[in-house]
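Presented below are the structures under discussion, each in the form of C-alpha cells.
Below are two complexes that have chain A in common, paired first with chain B and then with chain C.
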Partner chain A sequence: MATHEEITESLTVFTDGYNKNGRLKIMNRDWDRVVVVQATDIDSLHTLTLVDGVVSLKEGAAGNPDLTVISDSETLADIFYGDITPTEPYNNGTLRIIGTEDDIIRLDFISLMIWGE
Partner chain B sequence: MKRVVSVSLGSARRDHKVLVELLGEQFEIARRGTDGDFDRAMELLKEIDGKVDAIGLGGIDVYLFVRQKRFAIRDGLRLLESVKITPVVDGSGLKNTLEREVVRILAKETGLLKKGTRVLMVSSVDRFGMAEALTEIGCDVTFGDLIFTAGIPYPIKTVDELEELANRILPEIAKMPFQMIYPTGKKQESQDEAKVQKFAGFYHDAEVIAGDFHLIRRFMPPGLKGQAILTNTTTPEDIEFLKEKGAGILVTTTPEYEGRSFGTNVMEAALIAVLGKPWPEVSPGDYLELLERLNFRPRLLNL
Partner chain C sequence: MQFKKVLTLRTIVATSAGLTLASSSFVAAVSVAGFVLGDTAWIAILVGGLLCFLAAFCFSELNGLLPSAAGIRLYFSRAFNDRVSLTVSILYMLVVIVGVVGAESYIISSVLTGVMPAVPPYIWIVLMLLLVTGMNIRGIKIAGLFQDIITYGLMFSMLVFGLIALFKTNFHFNAPFSPGGATGIISAVAVGVFLFVGFEWVTPLAEEVTHNRQISRGMMIALGVLSVIYAIFTTAMTATVPKEILAASAAPHLAFARATLGGVGVTWMTVVSLAATVTTFNAGLISVSRFMYATAREHALPQIFSKISLRYLTPWVSILTLFLVGLIVSGVILLTHRYLVLVHLAAAMESLVYVLAGLAVIKLRRRMPEQERPFRIPFGNLVPALTMLVFTVLALAVLVTSPWVLVNLAVAFLVVLIYVNTAVPYLKKKYQARRPAARRRPLRGTDGAEGN
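Entry: the complex of A and B
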C-alpha cells in the first residue's frame, strides 16, 4: 500500500515529466481537461488540470471532472512514477477510468509518451 | 475449386461471395462480417478451420510493421491462434509488398504522386510499406496516426518521428481492446461528427488521402475539392459516399470483383492458397512474383 504522500510525489514526477516535454504540450493545446485521481484503499484525492497544454497538480478533488482515475494506492503510485504502464491494470480491471472513450485513449497515449523520453 | 473465407470484425452488411479465376484455378471467395463481435469471430474461425483452403482476418490487424520491427495486436493474435489447421493471414504481408508497388506504379505512370504531392495517410503503422514508398518518392506526407486514432491534432511529418513514436506507443497500445483504437462493427457505418469537423482541415489541405478505408470514411468531411483517395475495400455505396464528399479519383490497390475491391487480407489469403505454402514461409519475393503473374494493377476510377 502506498501513502497519500507517495501518490502526491508520483503525480509531481508525472506532472514535471509532462511539463518538460515540449512536444506533449504542443500536442495537448486543444485538450483542456480536469482529471481526478482517486485511491480506493486510502483517503487520497488529487486533481490534475490541463490548460492550454500545461498540466498542474493540486491535492483534493475538483467538482465535475472530465476524467476520474480510480485504483488502489500502490497501482496509482506505480503508474504515475512510470514503473508500470496503465494498459495492464486497465485491461484487468485494477484500474478504472471514468470518462469518454476518446479521453481515456488520449490519456493512455499521453502517459505512454511521457516515460522513456 | 479452392475456397477462401475472410472473417471480419466489420459489419455483416458488407458480406458477399464471388467466384473468380486466378492463374487458371477457380476460387470461391467469401467475406463474413461479425459486427464487431469478437466471440462470434472466434467461433466462426473455429467452425471453418480445416474446411477451407485459406482464411483472411478482416477488420483487424494482427501485425503492424515499422521498419524492421513487428508489433503484434493482442486481440488479432488471439484470433489468429484460434485457427489450427487452415493457413490464416491478416493482409499485412501483402500490404507491405503490393502497396509499395502501387505507389511506385502511380508515381511512374500517373501524375497523382510526385515530389511534393501533399498526402494525408489517416493511419500509417498499419501500412508502413505505403508510408515508406510515399516518402521515398518525395511526397509531403502527413501521418495521421495520432490525429485519427488518439484524437491528438499532431501531424507526424517524418518516418523517423513516426518510428520513434511507434516504438514508444505501440507495444502497449497493441494490448488494448482493438475496438478502442479502430472502428469495428456498426462504427464502420457512421462518422465521428465531432472529429469530422475538428480535423477537416487535414483532409482539405491534402491532394491525396491514403490508408484504411474505414478510417478515411469515418472522419471524411464534406467539401473536398477533387482529392484522390488511395485505399481498398470499397463497395459501390462507398463510391457514392466519396462522390458526395467531393473526392475526385478513387485508386484501389486490390483488384475489383463484381463491383468491389477486396481487403488485402482476402487477397493475401487467396495468394496463400495459390502458393500452397505456410504463411511464415512466404517471402515478399513470392508475393511480388505472383502479383506480376496475376498482373495485379491499381484501379483508377474517376468519381
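Entry: the complex of A and C
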C-alpha cells in the first residue's frame, strides 16, 4: 500500500513532467479540465487543474471535477510515476475513471507523451 | 463531488439506436422477409427485438456492476480471464469492422450508383472511406445533439415512409400469423438480430451519466422503438415491391422508395441511407481505432498502433490501418458480391457475444456476490440462462444455414486464438525487455524511509 505522501510525490513528478513538455502545453491549451485523483484504500485526495495548457496540483478534492481517477494507492503511485500504463489497470477494472470517453483517452495520451510507452 | 457532464436519456437512446441504424439494416430486413412466408416478417423482427431485450438485461447488469468505457473487455476479463477477454474482443472488433465496412460500403455504393450511374461504385467507396477517415483523423465525432438529430430523423423517415407505403397500397394482412416452417422462422429471427446489432455499444457511456440505470433504460427504449419501426418498414417494403425483386438488389430500400414516392422518394431515401452509413462508419471507426490504440497501449498489439497525431490527438496509425482494411474488404466484396455473408457473419458474432454476456452475468454473480449492482436482473439466473440458450440456437441457425459464415468465423477465431497465445506473449516480453531496469518510483524501506 502506498502512502498519501507517495501519491503526492508521484503527482508532483507527473505535473513537472507535463509542465516541462512544451508540446503538451500547446496541445492542451484549449483543454481546461479539473481532475480529481482518489485512492480507495487510504484517505488520499488530490486535484490536478489544467488551465491554458498548464497543470497545477493541490491536495484535497475539487467540488466539480471533469474527471475522477479512482484506484488503490499502489496503482495510482505507479501510474503517475510512469511505471505502469493506465490501460492495463483500466481494462482489468483496478482503475476507474469517471468522465467522458474523449477526456479519458486524452488523459492517456498525456501519460503516453510524458512517459512514452 | 458533483460530476459536470451529464448525458440525457434522449442522447442515450439516440446513441444506442444510431449505432444499429445502417444501410445494411435494409438488406437484413429483406433477408428476414425472405425466410418467412407472405407478409409475416414483422413477427420475426419483433421476436428478434424481444430476444435482444434478454441480452440488454445482461448488459445492464454488467454495465451497472462494472461501469467502464472498456465494456466487454472488462466484463469478460473479470468473468473469465484476460486471454478469453482479449480473444473475444479482438474477434468482435475484427468481425464488426470487416462486416460493417464491407457490407455498408457495398450497399451505399449501390445506392449512389443507382442515383448517379456514371460514377463507378468503387469510387464511391473510396470517397466514403476517405471522408470518414478524414473525420476520424481530425477527431470529428458525430455525437450529442447532431447524433440526436440524425438518429431521430432517420427513425422518423423510416416510420413515415413505411406508413405512406402501407396507406398507398391499401395494406391488409394476408395470413399474418402463418410464417411457415420452424427452420425458416429461426433463421429469420437470427438474421433479425442483425437489425439490432450494436445497441449495447452505448455501454461505454456508463461514466457519462449520473444514474447508471439511464443506460439500461436507453437501451430498452431504443430496442422497443426500433422493433416497431423495423416491423412497419419491412412490412411496407414487402407489400410494395415483390420480395424477389427486393432480394435481388443490394439497395432494396431504393427500389421501395422509387415505388412509393418516385424521384422524391429516391432522393429522400438516398439522404437517409447516406446519413445512416456515415454515422455507422464514424462510430465504428472511432470505436475500433480506439480499441486498437488501447490494445497497443497494453502491449497486445504492436506499439505502432498507439501512435497519436499531436495536432488532432487521434490514433492516426490505427485509423489509417482501418482505412486500408476497409479499402481491401470493400474491393473483395465488390468483386465477389458476397455482402450477405458479412451481414450473417456479424449476426452470428453478435449472438455469440450475447451468449458470453449471459454467462458473464452468472459467473460474476458467483465471483463478486457482494459487489453493488445498480441493476440486477430479476428471477435469479433465468434470464441470463435463457439469453445463452436463445442466442446459442440463433448463432447455430446462422452458421448451419450459411457455410461460408461458419468457415470465415472459424478461420478468424483460429487466427485470433493463435495471435493471442503466441504474438501477445512475445510483444509483452519485448516490452518488458525494453522497459527501464529501475522503476521511477523510489523504493520504500520497511520503516517507510525511501531508499534504492
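To be clear about the criterion, the second predicted complex is superposed on the first by the 115 of 117 C-alpha atoms of A that agree within 3 Å, B and C clash if a C-alpha of one lies under 4 Å from a C-alpha of the other, contacts with A are read in each partner's own complex, and residues count from 1 in each chain.
Definition applied: a residue touches a chain if its C-beta (ideal position, glycine included) is under 8 Å from a C-beta of that chain, and two chains touch if they have at least 3 such contacts.
None of the values given here were measured: they were computed from a predicted structure.
For the composite obtained by overlaying on chain A, chain B and chain C cannot both be accommodated without a clash.
By the touch criterion defined above, A:44 reaches neither chain B nor chain C. When the two complexes are overlaid on their common chain A, residue A:87 makes contact with chain B and with chain C alike.
In the superposed model, A:112 lies in contact with both chain B and chain C.
Judged by the touch definition given at the top, the superposed model places A:65 against chain C, while chain B stays out of reach. Legend: residue contacts after superposition of the two complexes on their common chain; A:30 is shown touching chain B, with no touch to chain C. Of the two partner chains placed by the overlay, chain B and chain C both lie in contact with A:102. Ranking chain B and chain C by residues of chain A touched puts C first.
Put simply, of the chain C stretches 7-15, 169-177, 259-267 or 313-321, the part that bumps into chain B is 313-321. Counting contacts as defined above, chain A residues 23, 27, 85, 87-88, 90-91, 101-102, 104-106, 108-109, 112, 117 meet chain B in one complex and chain C in the other.
Within the complex formed with chain C, the residues of chain A that make contact are 3, 6, 9-10, 13, 23, 27, 36, 61-66, 68, 77-78, 81-83, 85, 87-88, 90-93, 96-102, 104-106, 108-109, 112, 117. Interface of chain A with chain B (complex): residues 23, 26-28, 30-31, 85, 87-88, 90-91, 101-102, 104-106, 108-109, 112-113, 116-117. Contact residues on chain C toward chain A in their complex (touch as defined above): 1-5, 66-70, 73-74, 77-78, 82, 141, 204-205, 207-208, 290, 293-294, 297-299, 303, 306, 308, 310, 313, 431, 434, 439-442, 444, 448. Remark: chain B residues 146, 149-154, 165, 168-169, 172-173, 175-177, 180-181 touch chain A in the complex.
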